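You will see chain A twice below: alongside chain B first, and alongside chain C after that.
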Partner chain A sequence: MNICRDGMEHETASPTIEEIGKFFADYAACLLGCGATCIRIEKNIGRMAETLGVEADMTILPSHILMTVNSKDGLATWSTNHRMHHTGIDYCINTKLSRLSWAMADGKIGFREAVAEAKRIVGEQPAPEWVVLLLASAANTSFCRLFGGDGESMLLVFLATMVGYRLKQVMLAAKVDVRVVFLCSAFCSSVISAGGHLFGWGSTPEVALGTSVLYLIPGIVYINSVSDMLDGHYVCAYSRFMNAAMLTACLSLGLCAGILLLGLSL
Partner chain B sequence: MNDMLLNIFQDGFFAAIAAVGFASISHPPRNAYAWCAVIAAVGHAVRYVLTTLLAVHIIAASTLAAFTIGLLAVYAAPRAKCPAETCLFPALLPMIPGMYAYRTVEGLLLCLYHSEEAAFMHNIYMLAYNGFTCAFIVLGMVLGATIPIYLFKKISFRATR
Partner chain C sequence: MNNHSVIIWVAVTVAVPLFLVAKALWQLWRVNGFRLNRLFELGKEKEIFYVPGDDYFNNDEDEYMS
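The block that comes next holds the complex of A and B.
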């Protein structure tokens, strides 16, 4: 890349097969980590590869990307194994990386600009934690209403979700194992929402108890799993399903522990 | 009639709040929030009408409502300039059969509490009934919602262009 007298950067040298391979592997690992479906990863990589005049073959494994890039004449090849980026489900990154692939395919940006832009996108800060905390609590409260909960139950669910979700944020920030986080958050939320049963608040205490842990259900991972299965990515589909089932089992354990600890008669 | 309309509106309204809240956990772009809310409200209201007014079974109703959500998400994706999944998945979450899931866990616990055969068999029945219903609702929802993305691949995967 050269910087000309007009101050603008212009790409002069074409990227090497190694540079392309590394970028594609990193890009795919980011998309996999932020919760993109396998078909989207393949399509995005495919359109960028076509633009750059190379062939990209990849295997999407549960937490790795195996990427092989060949030049069209078959004289140069590059293979790499890249670990998935653990960013958590993030549709903003998914959307921006998908837009980036189209920008490159439409010739709006060059290869090196795309590499820099992808790094910038992955480094962006998500929404403030307190905003997500409030919105998630309001969402679970609405969930309680949808299942027929009364005003007292909704208030209990709001409090239980707020405390449980905050605990989840703090424990995840402290790098505690995600399964332990789900268990502790579900336990905490179920103990708070059991107030309806213990003190006779409201007429729908079982709805409060049942919905207080629903913010933890990994719904998007389940949906991604079925989407991958429909597309024939059975290994990834199975892996995502088992991951979600494990988290669901942990939250059920936390809920059961809360019920047993307080000796609730169901 | 007015009560029914009010119920449908309430159902859609709370589904919209739930969708926005659950969407925030997965950090969608800001312009996708409004679409998530509208799509979730329509989808949940469709299920409410099917189960309450037309007495359709909850599994079939959830599948049809999810299909509606999928179609709306494919329509919304190019307008919001984001992948169809960004609008689709959060809008689907308010339809998750949470109480069936809770009653499955409750059935499991009650099986452990009661050792008498009659009570144990009843709780096994509750566990299996709620567990199967929950699993098939989720499967129907996910299949119903994902099929439009595959039916309209060109729109779904060009939305971010």
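The block that comes next holds the complex of A and C.
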């Protein structure tokens, strides 16, 4: 596949360096925004670059991608800076975009089909809010059971998670700062689950109180931070870790505020 | 168990879900309010079935009702 910018006529199907660079930058920004690790982004881009017969170098920053694409003969180059897409962590998109890179590497689709498919994948509707709400509540209730909670505690955690998670969804949709969202959601969940302490419901009220805020823990961000650190992407690793630590601090503040306001002695 | 703790617990446990339900209902009304209004107008058959220029209402009533 010849890729040149010398003004000579080429096959209309051959992508230019500019098109490849723009696609790679957009693709990498989408992956970064939906929670992929830096090594995954590098491998996917590298795979597609090899298939297209170009060399792609990128700098992955916490909120930006600096992408440079060079032709193998060195005659053409394209650099671009792309902002990360703040789409929220979505491993479904992550998996589909990775699969797309493999499909291109295996020769199943060409460049233009890949561009169209990537656009379709990113534009897909996310999972319904109510389904996510119910499943998150059920998952947190399971956590309560795992830590030894009884039936009453599980019910309290289910209700507390449902209210807190729904509040999180509503506040995030209203573009409230994510740290304030975490603080308010943790406060609501901890107050509701403290009913076990206040009214003597169940025999494990402390488990209900402790597990009611677990749905807010940014686990994926912590894991990605460690993965980036192991791969040598220290800037991204530190950024992700600080982001996760900030959210954990806000979550803890909300929990402590709930405990202090209710005057609980643990 | 302090009184103020119970008051705060009741306030949060009642107010926050009420706010969320009210917001959901308001969004439902905002999206579907027009259709809900039309539901209330089903009893007004004349307005729904009348077509300008239609002769049904000028015909013999027995013929219309058959």
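The rule is simple: the second predicted complex is superposed on the first by the 253 of 266 C-alpha atoms of A that agree within 3 Å, B and C clash if a C-alpha of one lies under 4 Å from a C-alpha of the other, contacts with A are read in each partner's own complex, and residues count from 1 in each chain.
Rule of thumb we're sticking to: a contact is a pair of C-beta atoms (placed from the backbone, for glycine too) under 8 Å apart; a residue touches a chain by one contact, two chains touch by 3 or more.
Treat the numbers as computed from the prediction; the structure is a model and nothing was measured.
*Asks:* Report clash or fit for the pair chain B and chain C bound to chain A in the combined superposed model.
*Replies:* After superposition on chain A, which the two structures share, chain B sits beside chain C with no clash.
*Asks:* Classify the contacts of A:V170 with the two partner chains as first (chain B alone), second (chain C alone), both, or neither.
*Replies:* The answer is second: A:V170 touches chain C but not chain B.
*Asks:* Comparing chain B against chain C, which has contacts with more of the residues in chain A?
*Replies:* Looking at chain B versus chain C, the one contacting more residues of chain A is B.
*Asks:* Touch test for A:L146: chain B only (first), chain C only (second), both, or neither?
*Replies:* first
*Asks:* Figure out whether A:A249 sits in contact with chain B (first) or chain C (second), or with both, or with neither.
*Replies:* A:A249 sits against neither chain B nor chain C.
*Asks:* With chain A as the corner point, what is the angle to chain B and chain C based on their C-alpha centres after superposing, as a multiple of 10 degrees?
*Replies:* So the angle at the centre of chain A is 110 degrees.
*Asks:* If you stack the two complexes on chain A, which partner ends up touching A:V235: first (chain B), second (chain C), both, or neither?
*Replies:* It touches nothing on chain B or chain C.
*Asks:* If you stack the two complexes on chain A, which partner ends up touching A:A136: first (chain B), second (chain C), both, or neither?
*Replies:* In the superposition, A:A136 contacts chain B only.
*Asks:* Check whether A:T211 is in contact with chain B, with chain C, with both or with neither, and answer first, second, both or neither.
*Replies:* After superposition on chain A, A:T211 lies in contact with chain B alone.
*Asks:* Figure out whether A:I259 sits in contact with chain B (first) or chain C (second), or with both, or with neither.
*Replies:* A:I259 sits against chain B, while chain C stays out of touch.
*Asks:* Applying the touch criterion given at the start, work out whether A:V180 contacts chain B, chain C, both or neither, answering first, second, both or neither.
*Replies:* Neither partner.
*Asks:* Look at the superposition and give the distance in whole angstrom between the closest pair of CA atoms, one from chain B and one from chain C.
*Replies:* Shortest inter-chain C-alpha distance (chain B to chain C): 17 Å.
*Asks:* Identify the residues of chain A that lie in both the chain B contact region and the chain C contact region.
*Replies:* none
*Asks:* Write out the stretch or stretches of chain C touching chain A in their complex.
*Replies:* 1-2, 4-6, 8-9, 12-13, 16-17, 20, 23
*Asks:* Which of the residues in chain B end up touching chain A in this complex?
*Replies:* For this pair, the touching residues of chain B are 11, 14-15, 17-29, 32, 44, 81-83, 85-86, 89-90, 92-94, 96, 98-99, 101-103, 105-106, 108-110, 138-139, 142-143, 145-146, 149-150, 157-158, 160-161.
*Asks:* Which residues of chain A touch chain B in their complex?
*Replies:* So the residues of chain A in touch with chain B come to 35-37, 39-40, 43, 89-96, 98-99, 101-102, 106, 126-127, 131-132, 135-143, 145-147, 206-207, 209-211, 214-215, 217, 219-220, 222-224, 226-227, 230, 252, 255-256, 259-260, 266.
*Asks:* Where on chain A does chain C make contact in their complex?
*Replies:* 163, 166-167, 170, 187-188, 191-192, 194-195, 198-199, 261-264
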